[in-house]
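Each chain carries a letter (A, B and C) given by its place in the written order, and its residues are counted from 1.
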Amino acid sequence: MVALGLAEFAADLETVDGHPARPTRMDRLRRVAWWRGIVLILTGVFFLVPIYAALHFALSTVEGGFSISAFQSIPHQQGFSDAFGLSLRLAIMTTLITMVLMVPTSVFVHLRFPGLRRLFDGITIIPIVIPPVVLIVGVLQVAPTFLKGTPYLLGLEYAVLAMPFVYRSLDAGLRSIDLTTLVEASRSLGSRWSSTLLRVVVPNLRTALLSATVLTVALVLGEYTMASLDQYQTVPVWIVAFDQDNAHISVAVSLVALVGTWVVLLAISSFDLRRIRRASQLRKDGSA
Amino acid sequence: MTTTTVSPEQPRTWKQRRSSIIAALGLLPFGVYTILFLGVPALAVVVGAFQSPTGGWTWSNISIASHGVYAHGFVTTIELALVTSIVPGLAGVVIAYAVLTMKGNALRRIVSTASGVFANFGGVPLAFLFIATLGTTGIVTSWLNTLGIDPYQHGFTLFSFIGVSLVYAYFQIPLMILVITPALEGLRPSWREAAEGMGARSWEYWRFVGGPVLFPSFLGGVLLLFGSALSAYATAEALTSGSIALTSIQIGSFLNGNVLAGQQNVGKALGFGLIVVIAVVMVGYSILQRRSSKWLH
Amino acid sequence: MTLTAPLDTSTTENQGATVELIGLRRRFGATQALDGFSLTLQPGELVALLGPSGCGKTTALRVLAGFETVDSGRVLVNGVDQSRIPAQRRDMGMVFQSYSLFPNMTAQDNVAFGLRMRKVGSIQRRQRALELLELVGLEGQADKYPHQMSGGQQQRVALGRALAIEPRVLLLDEPLSALDAKVRVQLREQIRVLQTRLKITTLFVTHDQEEALSMADRVCVMRSGQIEQVDVPATLYSAPATPFVAEFVGTMNRIPGVIAEGRVSLLNKTVDIRTSADQPAVFRPAGTPVDVLVRPEGLAVTATAGARGIVMTTTFLGSVTRLGVLLDEDVMVYVDQPNSAVQVPVGSAAEVTLTERDVMVADRTGAGVAQAESASVEHP
């Protein structure tokens, strides 16, 4: 369940974001070295072999040799560019909706209704409680025909799926800056609410916004359940459909999707870390 | 203490009330959107579960959903969720502990980010990865064949319970690692040292201190994994093309039109059932989280 | 909160162990945490390890406890080498800086834990735990969990827990550093009283010199893994062996002076200073700059028109008033005056005179002081 994984990933960033409270001093040599090694090797095998297998499969041709033709021919496959275009449009749409919806809301909650934060934590868990497969059933039941006729209905619903971890990301980001002080300083200097939001709050939330965006895009590009049941061909739906024709290509696209998500998530993680390290350096130098 | 202009008993000034209203308005877009695109569909499912195709109220959907092939689906789904929450859960704790006790910060960071990334694998790409690995023409399958073992002879297929469990483990284990790592990091070294100083051996420490402290988080993690497995659709669908009896797959089939007359709303009853189970699970999860955070601070 | 239960010391055969730390050396990466550290603790005494962070005091404690190894050196308790004995069997009670209570157990269970590890029966150990909780004044808190107690209460439970096993040695690793000032002072006394009563050999690590001086029988000042001085508090204060100790313990002034033909010229006067060192400062070539180290109570201030010193600050310290006087070479000296004396107002010109007899004279090198000797001043 992708949304859940993303939510936990966002929460994991939370631990890093909010300044690691406890240094892990678990580096005392325990006489467990031998089993630890076995565990880690087995883990490595379990997780890396499928990736190797996929790579092997994608690179091997029907004749039996190896070539990267599978990867090269992806954009030329029938239906792929349409599918990719659709996925991309949906991703942009979802991101915009989620940002416009969640940023002011989480800022408001942090600022004015800190008591509601508990409630919000709960509310943002609800989309996780409704599985996408069930949600799409309900959506198709009540959506007006004009919406059902466009794929953009999916975009509207993806925003709901993205809510939990976008909120978590923003929440973590808001907690690490002192929102109240910033806003009060800005207002006391004469700024109106809109420019406070745009010029003070948002720039300080850059990393949180960035990670929320990337997580949202990852979600949309990987979402299969609702798209397939709504019968629109986004990339994942295309992959399954295309499997009938050429499995090598399907595997190749899957690999690209996975590696792409990896790279980006790794990038946010390390970007986040660098920012934390720089911030704590400044703090150290400043308070030394 | 100086007296303020507004005492609690007096009504708030118009200005205060106005700013409260404006603030509440700020929350309105979110509220409206959630109600429209989450609440209404969810309600449609819940209400529809009790509606007959002709529009009246009925229990028949529920009763059909709790018998026969659908009951079987529920049982399989719950079995699958149990297996893929407990086993990967335990594995996750062990691996997370092994990683944490590694020396070298860089390696630890890499693994923890990798878990974040792997926990997001799922659905279609993952299914295809495993098809390439353990499918009939998969790599590992052929390796095993050269070793003389043919798993398919023994009835293994990727599209079976075992196969799907294996694939689920791929994202369940990292999910557990993500959840349990903060809890493991919260185990203070001074507890271990205090226990040792008082004569406790390693297993005694785990039995009396480490284990109990970790347990709520562990249970919470297992619950999270359980919920995740229950809701999963894409992976199973991509792997089995709908041939396996899982509740989520069965719900999906209702949308594809293979429905018996008079049973149009059974899918919603199934959905209702799923929602109920997951809701219970998530409530349990947040209670446990709150419990453990009290101790780990 | 005073101690309530009278302790039956007849049951405590513990007359205190003798602890010898001999030539300890330990390196962590690029840092030499312990550099030839040697210290002996007599039975029943409380020795404080005092020093700035990173000086190695905690490492020394943890070596004794068995949580750290040494590259070389020996640890003996009552003559027995501890190197082969793991921490579990060293029979030492340890109190950590904070949050060391097991969060899943009540205060009583925490205290009883060590006894449980020693297979003491359930009723006995719960009874003993209650006794110890009474001893530290927390009998009403037996069923509370750590997160329900204040920091001071937690540390008292931690103390009870450490004492429950009747350890040979008590180890305290900055137990008061995380507490509020008032609580700290209260707990300080309690620990000291308990320790004296039970006659447990105790090693106490702290960076707070006031704590060390008020609690310990002897204080060991450390720096960079080595011992600067080990002495009773009074001697540490009045006769510091090195400039580091002199400045770390209490407040110490550093007054620039100049050698002038076998005497030292400072504060616009030239005084005779005798030292007993082999190469007394006074026999250095004339013009050599030196620093004279003297405590605030060894100086006096008088308002003198036209003098080059200016009174910059006045601080009321309760028993005395401390005046900060800015001298010629941009040097600030602190002078304590009894409250009864006529106070010199801030901003006035003042003259500072040396009244103390025992001072230290030190070379003034560019990077700091290299050597120092005790000296006595001959006042005319």
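Quick note on the criterion: contacts are C-beta pairs under 8 Å (C-beta built on N, C-alpha and C of every residue); 3 or more make two chains touch, one makes a residue touch a chain.
The model shown is predicted, which means the values in this text are computed figures rather than measured ones.
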Field: Touch-network distance, chain A to chain C, counted in steps
entry: 2
Chain pair with the higher count of C-beta pairs in contact (A-B, B-C): A-B
Message: With centres defined as the mean C-alpha position, give me the chain A-chain C separation in Å.
response: 53
Message: Suppose each chain is reduced to the average of its Cα coordinates; what separation in Å results between chain B and chain C?
response: 54
- prompt: With chain centres defined as C-alpha means, what is the inter-centre distance between chain A and chain B in Å?
  reply: 16
Message: Residues of chain C that contact two or more other chains, please.
response: 67
- line: Residues in chain A with touches to at least two other chains are numbered 28
Field: For chain B, residues that touch 2 or more chains besides their own
entry: 188
Query: Quick one: in the complex, what on chain A touches chain B?
result: 1-2, 4-6, 8-9, 11-13, 15, 22, 24-28, 30, 32, 35-36, 39-40, 43, 46-47, 49-54, 56-58, 97, 100-102, 104-105, 108-109, 112-113, 122-123, 125-142, 156-157, 159-160, 163, 218, 222-225, 228-229, 236, 239-240, 243, 247, 250-251, 254-255, 257-258, 261-262, 265-266, 269-270, 273
- line: In the complex, the residues of chain B that touch chain C are 188, 190-191, 193-201, 204, 208-209, 212-213, 294-297
Field: Residue ranges of chain B in contact with chain A within the complex
entry: 23, 26-27, 29-30, 33-34, 37-38, 40-45, 48, 94-95, 98-103, 108-109, 112-126, 128-133, 138-140, 169-171, 173-175, 178-179, 181-182, 185-186, 188-189, 202, 224, 227-234, 237-238, 248, 251-252, 254-256, 267-268, 271, 274-275, 278-279, 282, 286
- prompt: Within the complex, which stretch of chain C touches chain B?
  reply: 65-67, 86-90, 92-94, 96-100, 102-105, 113-114, 116-118, 147, 158, 161-162, 165
